[in-house]
Every structure is written in C-alpha cells, then in structure tokens.
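Have a look at the structure below before the remarks.
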Amino acid sequence: MGKGRVEAFTDGVVAIIITIMVLELKVPEGEDFSALVPQLPIFLCYVLSFINVGIYWNNLHNMFHTVQRVDGGVLWANLYLLFWLSLMPVTTAFMGENHFATVPVAVYGFDLAMCATGYAILVLALHRLHGQGTAFAKAIGTDRKGRISLAVYIAAVALAFLNRWIGVGLYVVVALVWLIPDTRFSRVLEK
Amino acid sequence: MGKGRVEAFTDGVVAIIITIMVLELKVPEGEDFSALVPQLPIFLCYVLSFINVGIYWNNLHNMFHTVQRVDGGVLWANLYLLFWLSLMPVTTAFMGENHFATVPVAVYGFDLAMCATGYAILVLALHRLHGQGTAFAKAIGTDRKGRISLAVYIAAVALAFLNRWIGVGLYVVVALVWLIPDTRFSRVLEK
Amino acid sequence: MGKGRVEAFTDGVVAIIITIMVLELKVPEGEDFSALVPQLPIFLCYVLSFINVGIYWNNLHNMFHTVQRVDGGVLWANLYLLFWLSLMPVTTAFMGENHFATVPVAVYGFDLAMCATGYAILVLALHRLHGQGTAFAKAIGTDRKGRISLAVYIAAVALAFLNRWIGVGLYVVVALVWLIPDTRFSRVLEK
Amino acid sequence: MGKGRVEAFTDGVVAIIITIMVLELKVPEGEDFSALVPQLPIFLCYVLSFINVGIYWNNLHNMFHTVQRVDGGVLWANLYLLFWLSLMPVTTAFMGENHFATVPVAVYGFDLAMCATGYAILVLALHRLHGQGTAFAKAIGTDRKGRISLAVYIAAVALAFLNRWIGVGLYVVVALVWLIPDTRFSRVLEK
C-alpha cells in the first residue's frame, strides 16, 4: 500500500488542527488594551500548542520520508495519534481559559502523553513493517527522544498536582528540545 | 476521468469532518475533575464517531486504490456519502449532549445507516464503471459486509425505541467488526 | 505556471466550505422528535447548499481538467469565486434560521449570483489564456449554461420580493439542471 | 528534503484560514435589511483579510515554485509565518466587531506586521539554502516590496493611535499594491 494518501490525509488533519485551534481564541470583548489582558494566558497556551503540533508535523514529515510502505496497522496507529492530536484545541483552551489551574494543566499533559504513546506505537508499527537495516530503522534507532518525552510528560502530569508550574515548565522544556528538528532522519537522508 | 482529485477531495472532506467534530466537545466549565464528568458521554460519542469516520476513510482509501477511473455518477455517489458523513459531528453532539437519550440515539443510527447506503451506492457506481473481472470487482465481491452493516444499523434504529442501549451496543459492534481493515482489498492488491 | 497547486488549493477550500457549513446546523435543543422540527428548514437549506457547492466542485474539477496552465489573472478570478462560495455557510444559515424569509432568501440568491459571476470571470480568464481551438475553448463553448444560470439567479432575487417561494423554487431548478454533470467537458475529454 | 509536502501543508493551512474566517461572520439576527447593517464593517474587514491571505497564498505559491529544496529552518520559518496568518480570523473579527476602534485596528496591523516579518524570515531561510545566482535568488532580489510593506505596517500601527483611519487606509494601500501579483517570480520563470 502506497504511503502517498496517508501522508496527504495526515497533513490535512494536522493542518486543520493547527488552524482551528485559533477558533478557541475568542474575540476579545471590549475595544481597549485591557480587553486583551484576559486573553494572554490563552494566547500563550495557543503558542505552546502551535509549536507542539508543528513539531509533530515536522517529525511525521521526516518519518514518512524514510518509509517505503504502510499497512492497516500503520493506518490505525496513525489515526490513534491523530485522535489525541485532534483533542489539543480543546485541552489547550481548557488550560488557557482556567489560567493554568491544576486539573486543566494535568489534562493538557495527559493529552501530550497520549500523543507521545501514539507516536511510539506508530514507530513500532512502521518498525514491524520495515525491519532491521532499512533507512527507516536506521533513522529512528531506538526512538530514545520519543520515549524520554513520554516519561517526562507522565512525570509532569504527576508533578502538576504538587505545583502546576512544574508541569507547565516541563511541557515547555520538551517542546524546546524537539524544536530542534529531528536530525536523525535528515542525517540518514543526506547520506 | 482520473481518480486523483476525487481521492484528494474525499481525503480533504474526511480530514475536516474528523477534526471539526472535536469543536463540538465544548471546553469544560470549571477547573476541577468534576467539570470533566458531564463531558464523558460526549467524549465517548466522539471516540465512536472518530472510529467510524476512520473506518470510512480506510475503506475509501482501499477501495479507490483498486479503481481505475471515475465518472459523474461516481462523483455524485461519493458526494452523497460525504453529505451523510458531514452530518456526523452534529448527530454525534446531539447523542452525547443528551446522554444517549432514545431519539438522539436513533438519529445517530439513522445517519450511520444513510452513510452505509452511500457506501453501497458508491460500490454500485464503481461496479457499473469497472465491470466483472477487474481488480475492483474481485476485491469488493458482493460487498456482503457493507450490506449486513446497513441491515444492522436499520435494526439498531428500530430497537433503540425498545431500549436505547441495544442501539448503542449495535453501533459499537459494527464499528469493532470494521475496525479490522477490509482485507478483501489488500488480499487482491498483494497478489 | 502549473495548474496543480491551484487545483489543490481550490479542492481544499471547497472541501472546507462544504464541511464547515454543517457547523451552522446547531445541535438541536431537547431530546425528542419535536426538537428536530425547527431544524428542518435549516437542514433543507443545508441540502441545497451542499448540492450547489458540490456542483461547483464538479464543474471546477472538469474545467481545470481541460486547462493547460494558469496565470495571475486566473488565480485571482478563482479566489474571487472562492470568496463568494465561502460566504455560502453564512447565507445558508441566514436563510434557514429565518425560515425562508424574504430578505434572507434574496441574500442567498445574491450570493449564488455572485458565485455565477465568479465562474463566468474564471471562464473568461482561462479563455484569454488558452485561446481558440484548444480543448478548453471547445469544451466550454460560450458557457451558455453558466450565463443563463446567472440570469435566472438575478431574476430569482428580484422575484423573491414578490413571493419568496418563487426565489427558492428557481434556486432549486438551477441546482437540478446542473446536477446533471457538465457533459460538455466529458464529451471533449473522451474524444 | 523535497518541497512537495511543505507546499501541500501550507496550501492546506492557508485554505483553512481563508475559509474559517467566514465563521466569525455571525449570522445576522433578524430577517430584514436592517439586520445586515451592523454586519457591514465586519464584512469589509473580511474582504480585506480575504485579499491579504489571498496575496500571501499567491506569493508563497510563486516563491516555492522557484525553490529547489527546503530544510528544518525553512519549515519553521514557514510555520512562524503560518502562526501569524492563523491569527488573522481573530484579529479580523476583533477589528470588525468593534467598528474599527483604535486598539483593534492597531492589533490587526500588528498581526499584518508579524506576517510580514514571517515572510521576510522565510525569504532569508530560503536565501541561505539556495545562495546567489539561483532562480530563487534572482526572483526575490532584495525583497524590497516585502521590506517596504513591513515598514508601512509598523508606521500604520503607530499612526492608528493618531487617527485610526490612517491605519486602515494604509492596510488597504498595501493590499492594493500586492494585489498586482509578484511579477518578479513570473518574470524569471518565463525566461
């Protein structure tokens, strides 16, 4: 089964997620600067989520680049990842509208953790299909960065109940680490 | 007429449907766990509909793979299917917000049944165009799985008036049966 | 300039228009059949607009098929058409929520007429680029069907102030006439 | 890294932005012409933003046409531009719903200025990758038009606090200047 339409569908869904997220940024009520202040935490959440979804798109882009083909398992692993990504507009707004209250921060982190499991499952499904020694296997290695991110997200959700800013801080740290695009793939591709 | 743009348009519409559905998941009011409880039935409906739309995408993906060309009849059969799929965000929210009340459950099933008729009509339109002995005809066979699903949906709508949980249960059963991707196409394709 | 990305962009915008239109179908309030009754006119408007947008997609699909290249004029003519198409979700909801009141019916028809002018301008822009004797020129001919539709829409808007049902009836008639796909293109393409 | 998927993703995001903007055009309350009057400033803002987003799409379309390849820097520069473009539906509605009040006008201009910086950064990222003497470098030149637009936007934001209509007027002027498609690229492409 060719990978073209999976790429196109994934691009489409991610493009829509990243764009409809902004619909949760309600139009400020009032016409002076003070109307913008309550929007600030929501805006910051939006920036964080935009970067997170952008990271997923970049990584999926690079990953599928090294992939030769897909099967039913890959399609559903991908849909599972897209499911949790599609919840990001809602969990983002939940965290922003409640000004980073504890439970919304934990829910946001839970969503990020579920996305990370989706990414891990997708890596496994592609691994099973492509086997050792292929460009994909070489590029992804043991997906250490993905596994560590998942562990940090789970820790962040737990620590958010101690102090919510630890949770938020860890989400930002993981995003910054990934913002540097996954050079594993480009390294292999350029050889 | 080439099939490329029909595939692209279908992918686009399905990607949008699956993503805007989440917009009906209202942001919970309140900032503790109790705020999440009333969202639970809506969330479960969302999961069910995400899987249903995912199934349609997978099946359309596989089906168009074996197809050589399309005509006006196929375009409109496809649009008819997309019409009923596009109502899924509304019927999903209607069922979820009313906590699986009888009429919303029946309306949701009616929408699923209409999607199933759309799928059946699309199969017929492609059959007429490709004829016996083609890859498409071999792959789709008599589309028994599709016809049985349609019958189960109609029964589920009727039985929902006896007990709404029978209706919901049948929708879940059909989704689980289809979750196993339609191996008829991959079987033919791999030969 | 290649036509591929214009097609892709147009497909994307039309796919989004046809899908977000459903977001104006508010989730019915209440859980029995009586909750569905006030939704009926909105639903019928939705059906009509879904068909109208579907017709435009089919015709654009066929038209660009015979086209060799595009220029800046074509890009903007296309964007002008997409502008008026993108207003269809709002004008549809306006007509439906006001149960086919006179002014909303006229506004809906005005939008249809503007779409028709957009189509006519796009035909002109492509004509200028491709000239006589090309597949495009042969297929489109004098675009009589498009011009008559535009005239009927304008008449329908005026007549709606006499009796709104004349307006609505004329919109339905034009849609039915176009529902038969534009065979001019397929005729030429199959030669 | 191929440019195909970046183009497709960009097209998708821009198509969604241009289309969901219309969702902020609330359905008028009431069924006669007077219901349309308060919508007029929002409608005019929508027209202006539709043209602005259309200009970006045209320019990105032409720019990527001359581009050979992309890297991580280009992907993120592009996402940065898309981020500010994705805020356009909200800043448009903010300006329209407040009937061109000073702060909303300035916020709208700030968004336009940020888009212009995104465009400038994208040009730089592509420049670094393609170097002197390539089709891209010849086409883009020193991107004078882009730099002047950015300067005008910044001036317009400042001048809006003197008189908001100066700000609005300058946004319109820049849009009109760009409406003439960027012939620099087509000039090079046609050689």
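Details
Order as written gives the chain letters A, B, C and D; numbering starts at 1 within each chain.
The definition used in the following text is that a contact is a pair of C-beta atoms (placed from the backbone, for glycine too) under 8 Å apart; a residue touches a chain by one contact, two chains touch by 3 or more.
If you want to know which protein each chain is, UniProt gives these names: A, B, C, D = TMEM175 family protein.
Here the structure is a predicted model, which is why all the values come from computation and not from measurement.
Measuring from the averaged C-alpha position of chain A to that of chain C gives a distance of 37 Å.
Chain centres here are Cα averages; for chain A and chain B they lie 26 Å apart.
Shown for chain A are the residues that touch two or more other chains, namely 8, 12, 16, 20, 23. Taken as a contact graph, the chains are arranged in a single closed ring, with each chain touching exactly two others. Contacting chain pairs (ordered by label): A-B, A-D, B-C, C-D. Against chain A, in their complex, chain B makes its touches with residues 7-8, 11-12, 14-16, 18-23, 25, 27-28, 31-33, 35-36, 47, 50, 54, 57-58, 61-62, 65, 179-181, 183, 186, 189. By the touch criterion stated above, chain A contacts chain B in their complex at residues 1-2, 5, 8-9, 12-13, 16-17, 20, 23-24, 71-72, 75-76, 79, 82-83, 86-87, 89-90, 93-94, 97-98, 101-104, 107.
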